[in-house]
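Have a look at these structures, which come just after this line.
Both complexes below contain chain A, partnered by chain B and then by chain C.
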Partner chain A sequence: MVVKESGNTRAPRLRTLTRALPVTPALVILVLFLAGPIAYCAYIAFTDLQLTGQAESSFTGFDNFRTAFEDDAFLNAVWLTLVFTFLSSIVGQNTLGLALAALMQRASKPVRTLTGGIVVTAWVLPEVVAGFLLYAFFRREGTLNAILDWLHLPSQNWLFTLPILAVSFANVWRGTAFSMLVYSAALNEIPKEITEAAEVDGAGGWRRMWHITLPMIRRSIGTNLMLNTLQTLSVFGLIWVMTRGGPGNRSQTLPLFMYEQAFQKSMIGYGTAVALLLLVVGSLFSLVYMRLLRTEV
Partner chain B sequence: MRPTPAPFLLATLLAASALTACGSGSGSDPDTVEISYKQSMDNSVRVMDTYLADIKTEFEKANPGKEVKLVPIKAPDSEYYTKLQQMLRSPKTAPDLVYEDTFLINSDITSGYLKPLDPYLDKWDDWGQFIDTAKSAAQAEDGKTYGVPDGTDTRGLWFDKDIFAKAGLPANWQPKTWDDILDAARTIKEKVPDVTPMNVYTGKPAGEAATMQGFEMLLYGTATGATESPLYDTASKKWITGSQGFKDSLQFVETVFKEKLGPDVSDALDPNFATSVRGELLPEGKLGINLDGSWLPQDWLKGSGHEWPEWSKKLGLAYMPTQAGQSPGKVSMSGGWTWAVPSKAANPDLAFEFIKTMQTKANAQKWYIANSGIAVRTDVAEDPAYAKAQPGIEFFTGLVANTHYRPAYPAYPKVSTAIQEAMESVTTGDSSVAEAAKGYDEELKSVTDNQVIKK
Partner chain C sequence: MAARTTLNARRANRRHAADASLLLVAAAFVLPLAWVILSALDPQAGLKVKLPDGVTFDNFDAVLKPDVTYTPMLNSLILCGFATLLTVVCAALAAYPLSRFRSRLNRPFLLTIIFATSLPITAIMVPVYALFVQVNLIDTMQGTIFFFTASQLPFAIWLMKNFMDGVPKELEEAAWTDGASSFQSLLRVVLPLMGPGIAVVTVFSFVAMWGNFFVPFMLLLSPEQMPASVSINDFFGNRGTVVYGQLAAFSIIYSTPVILLYVLVARKLGGGFALGGAVKG
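This part shows the complex of A and B:
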């Protein structure tokens, strides 16, 4: 039986090989320009390579990783990254995106176009530009405080007192459009008859949402959460422009911590190790979401 | 749905793209000399650009067929160093001539980024005109010289005479101790409430300015500062932890911000704060006392964008006193920048020719005056035309006798960052002085590979 099977697979295997031929150049390029640098990064993470101040680097094994887990600043960055991701991506972008998409289903066409236009504009803006806009919004003499003053409410320096909240809000502002587009597409896929049937059966808006809409778009929720989370984990420019990770280390998420170690303190090896750990965090999130997707099918 | 590798790939790509920098090839045209320098973050300040453009014209005229390509790097100090180091790593991106801060030069020499200039210097007569301390600024532990200094600097207290008059403080103010400074700031806070009483640069966003203009101006004036260097023990070749002077200096910083004698903490921690001090706060009369460097007037000279020729009537100068007025009474720190040739430069000979053009007596003098630098050439220092060229030059040149140089060993840049972190945590009030000093000691151990000694 074993012999028979291997005999049978010979011809298809050849066919697979011939079929693979046209994609080979693409594969080579991918290996060269993507896998190559990544493998190099992975190697550097195990060395003490520095940007300056060192004649030769050497292999140090897991030292960088050990240092990271003993470093309060690293643990602080992990914590802030989780807070930032949870607040801005999972709660903010995701829920707000869904809410906007749901509301827009019911809205008239002009309202839909206008809202969509505004939200998408925030998304299309380069990260740094968005960062500057929100810096201007939150800073001490900024728009937010001007509004608060006008309402006779106490103003404060948001970037200083609540930096992680301010940057999370900024990320919500910037990234909600993506969720909104994903969910709009998903909601359009739901057959009208089902919702109408539920309506006839007397289900109110919330119940329809909970029992019909959400289960039906579950797959999109998973995909959207995964993409949002991965994107949010790597946000750098926005936070850099708004707070530079400060004051102190109070908004220093992992990408900023990594930048500081690698380029400001010149410890490329250590910085790369942190980048690898960031990768692990991203993979863990992906795994969780993928389990979520799998149970459904 | 089957799990796809796409998300992993995406995550990897995002993380990897953060660390792989790409640079454009500079080419190695034998007739072109490529020069990288730091351009001011303030668009209206063009002192360096103007000066180099003039030298470029002169050089191209004297060397027919040769071309100078100026490559400005517009970035705050700390990012300038990083960009430069990345360029120096590869022959494709390494320029022929770079502007190096003496604070980083030893670190870059250790990395093998720079070329020893001794063969050139030996054949260059003008080198004899440079004062010895300046010559040693770019000298490595191997005894070779890697850069030609284009001046030095000293530091002191700048104060606003109008604010002092309003507060009832003397126009010829000269504090004798740290407490005198704090008392003056307290008086300003009380009598002239709408201005910032004093500024001491602090925290990571200010970078080396926080360490040198701020912290070290204090530290070198403590009792610990009476030894050779309060940061580094030359005898044991180790970095010093647990010093009382270190805690006292942090205490001073904490007092300034706790009593609200300094700028608003969020302003003080703005990376561009130094630019606003020079461009707005001082010229607009909104800052009482400023602990800062000798180069400030370069922003106020004619044609600089913030022209403020009357600064010498509005501002007074006082030297920085020692902690309790102990001998020698005054403190100053010195550093400066040098022109260096990368080891991967394509045209080192041409680069050194360019240095020579910049460093004729006339051009050097022009540069010192243009950037409010302190002369490192004896022939210029002795020239009355230089000493009288600007108010302030004599005052700051006079500080050279009591000035200190930083322990410019390869670990210094990291030690400096550790100092900024300690300063920042007392500035924000996140840590007490004792906690911040302890944090520094721990960080020091880790960045110097445990080469520390308790003193």
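This part shows the complex of A and C:
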């Protein structure tokens, strides 16, 4: 009896173990190369680790964070990150993506295919290539100024006068396709009868959009905003290629600030403290995103 | 009847308005793309979009050399190829128990995966660099490959699990009755039935890594190991004056594989393929 019982309890446990076995390779890689660095990040953010003299780092508590919040360059980076994220992701990619998806519902097929193809190509291009294309577009002798001249409008050196606006535009150019695809999928799922009924009842385009379409796709809006924001928070290559964060630090968002502190100024500890803050902000967004998806798991 | 006609007329008007607006946006979006194509063929390429003075392939000839194009492209292929392979194999294995067996651990594991999916990887590059220096993985291809894999795995597992959920369990149970092990049924029954899903995970991982600049920029140091995403910078720095035509030609060569892959998969599975189950709202 006793033997049988212990066999009964052991067998399922063994089975659970064998069944979990295939997860091991992924788990090992994730723990070593993702969870490990994150834990290490949380540790060295509280030290004064420098690039030179690795061994002599010591624990400094919240010093790095205190320094950060008293550092004008850091506060500048926070502000520029907010501007960049708000302009390019929340206003630009999200709204333009929704507008494009809504227009595509009504447009003729060739126009839809053409526009979709062009917008998606901008999205598929490697980050650095996108950076160069937009760099060429915004330079003093670039395409934008050529067009402005042609229209007899004042031209200017965009990357110098309005660098954060230029990189935000670049991010819109590159990232709008994602929102467009998300919203196209969401709009396609709205039953035609509902919008048609509203149309017959005389509701105009804007009212239909506001009272019917938007409420029906609000979960897509939530997830899309979340993913756009997270994506934009971690943009590095695009800005690096276009402006290096400059001129001065007028387009230096947090990832570029972090890089500068850690490598150009060799303060790994301080750079990591900034990274940790970025990670915490990202985690908060991530938690909201999980709540939005919670019925799926 | 009259009401119907006005409704139809209104719809036609709306279609024209929508077409016009979309074409305007398309024109704005196409300008930077036009620059890269026209400049690549232009013997005197500058920074603005203009028709070439004469079509030439000199720019391509100039960059199609071992140190400029072949080595960086090969490095990209090695990095992204191995990392993609590792990602897909690990994700398929990990997704299997999550999709097939009930366990109290599934939910926490999946929640952690979704959480990790949205973490800004850029943020951890500084500590990863510091860590890689300590364990001697800095400036190694294998270190970069493993980190690439780790950064892509959460999303890959999540996508793979969703695709696997779509394969009916009955087919597999039949295989089990015939004496197949779980591993055999995964290999022989489940995976062949989710071909499109695997293609999506593969292409998505590959495209994401191919275009990634920051990871190899941080983790690799020696020039001969640099992938194309980083070596493209040399057109600005070390070579003195920028030859825009060559930069454009290189950009095209470097971008072609991912665009082709995307087109190939998108045509089969519809445009939103990459979004999979990740953003169902």
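The criterion applied here is as follows: the second predicted complex is superposed on the first by the 254 of 297 C-alpha atoms of A that agree within 3 Å, B and C clash if a C-alpha of one lies under 4 Å from a C-alpha of the other, contacts with A are read in each partner's own complex, and residues count from 1 in each chain.
Basically, contacts are C-beta pairs under 8 Å (C-beta built on N, C-alpha and C of every residue); 3 or more make two chains touch, one makes a residue touch a chain.
This is a predicted model, so every value here is computed, not measured.
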item: Contacts of A:Val23 with chain B and chain C, given as first, second, both or neither; value: second
item: Partner chain(s) touched by A:Thr95 [first = chain B, second = chain C, both, neither]; value: neither
item: First, second, both or neither for A:Pro247, with chain B first and chain C second; value: first
item: Chain B or chain C, by number of chain A residues touched; value: C
item: Which of chain B and chain C A:Met258 touches, first, second, both or neither; value: both
item: Which of chain B and chain C A:Met226 touches, first, second, both or neither; value: both
item: First (chain B), second (chain C), both or neither touched by A:Phe132; value: second
item: Partner chain in contact with A:Met104 - chain B first, chain C second, else both or neither; value: second
item: Shared chain A contacts, counted only where both chain B and chain C touch the same residue; value: 34, 37-38, 41, 54, 219, 226-227, 230, 233-234, 236, 255, 258-259, 262-263, 268, 271-272, 275-276, 278-279, 282-283, 286, 289-290, 293, 297
item: Of all residues in chain A, those that touch chain B in their complex; value: 34, 37-38, 41, 50-55, 67, 140, 157, 159-160, 219, 226-227, 230-231, 233-234, 236, 244, 246-248, 255, 258-259, 262-266, 268, 271-272, 275-276, 278-279, 282-283, 286, 289-290, 293-294, 297
item: List of chain A residues in touch with chain C within their complex; value: 16, 19-20, 22-23, 25-27, 29-30, 32-34, 36-38, 40-41, 44, 49, 54, 96, 100, 103-108, 111-112, 114-116, 118-122, 124-129, 132-134, 136-137, 139, 141-143, 145-146, 173, 178, 181-182, 184-186, 199-200, 205, 217-224, 226-227, 230, 233-237, 240-241, 255, 258-259, 262-263, 268, 271-272, 275-276, 278-279, 282-283, 285-287, 289-290, 292-293, 296-297
item: In the complex, chain C residues that touch chain A; value: 7, 11, 14-15, 17-19, 21-23, 25-26, 29-33, 35-36, 39, 46-50, 86, 89-91, 93-94, 96-98, 101, 103, 105, 107, 109-111, 114-131, 133-134, 146-147, 149-151, 153-154, 157, 182-183, 186, 207, 210-214, 217, 228-230, 232-233, 244, 247, 251, 254-255, 258-259, 262, 266, 271-272, 274-275, 277, 279-281
item: Residues of chain B touching chain A in the complex; value: 1, 3, 7-16, 18-20, 78, 81-82, 85-86, 104, 107-108, 110-113, 203-205, 264-266, 269, 271, 410-411, 413-414, 417, 424-425, 428, 430, 446-447
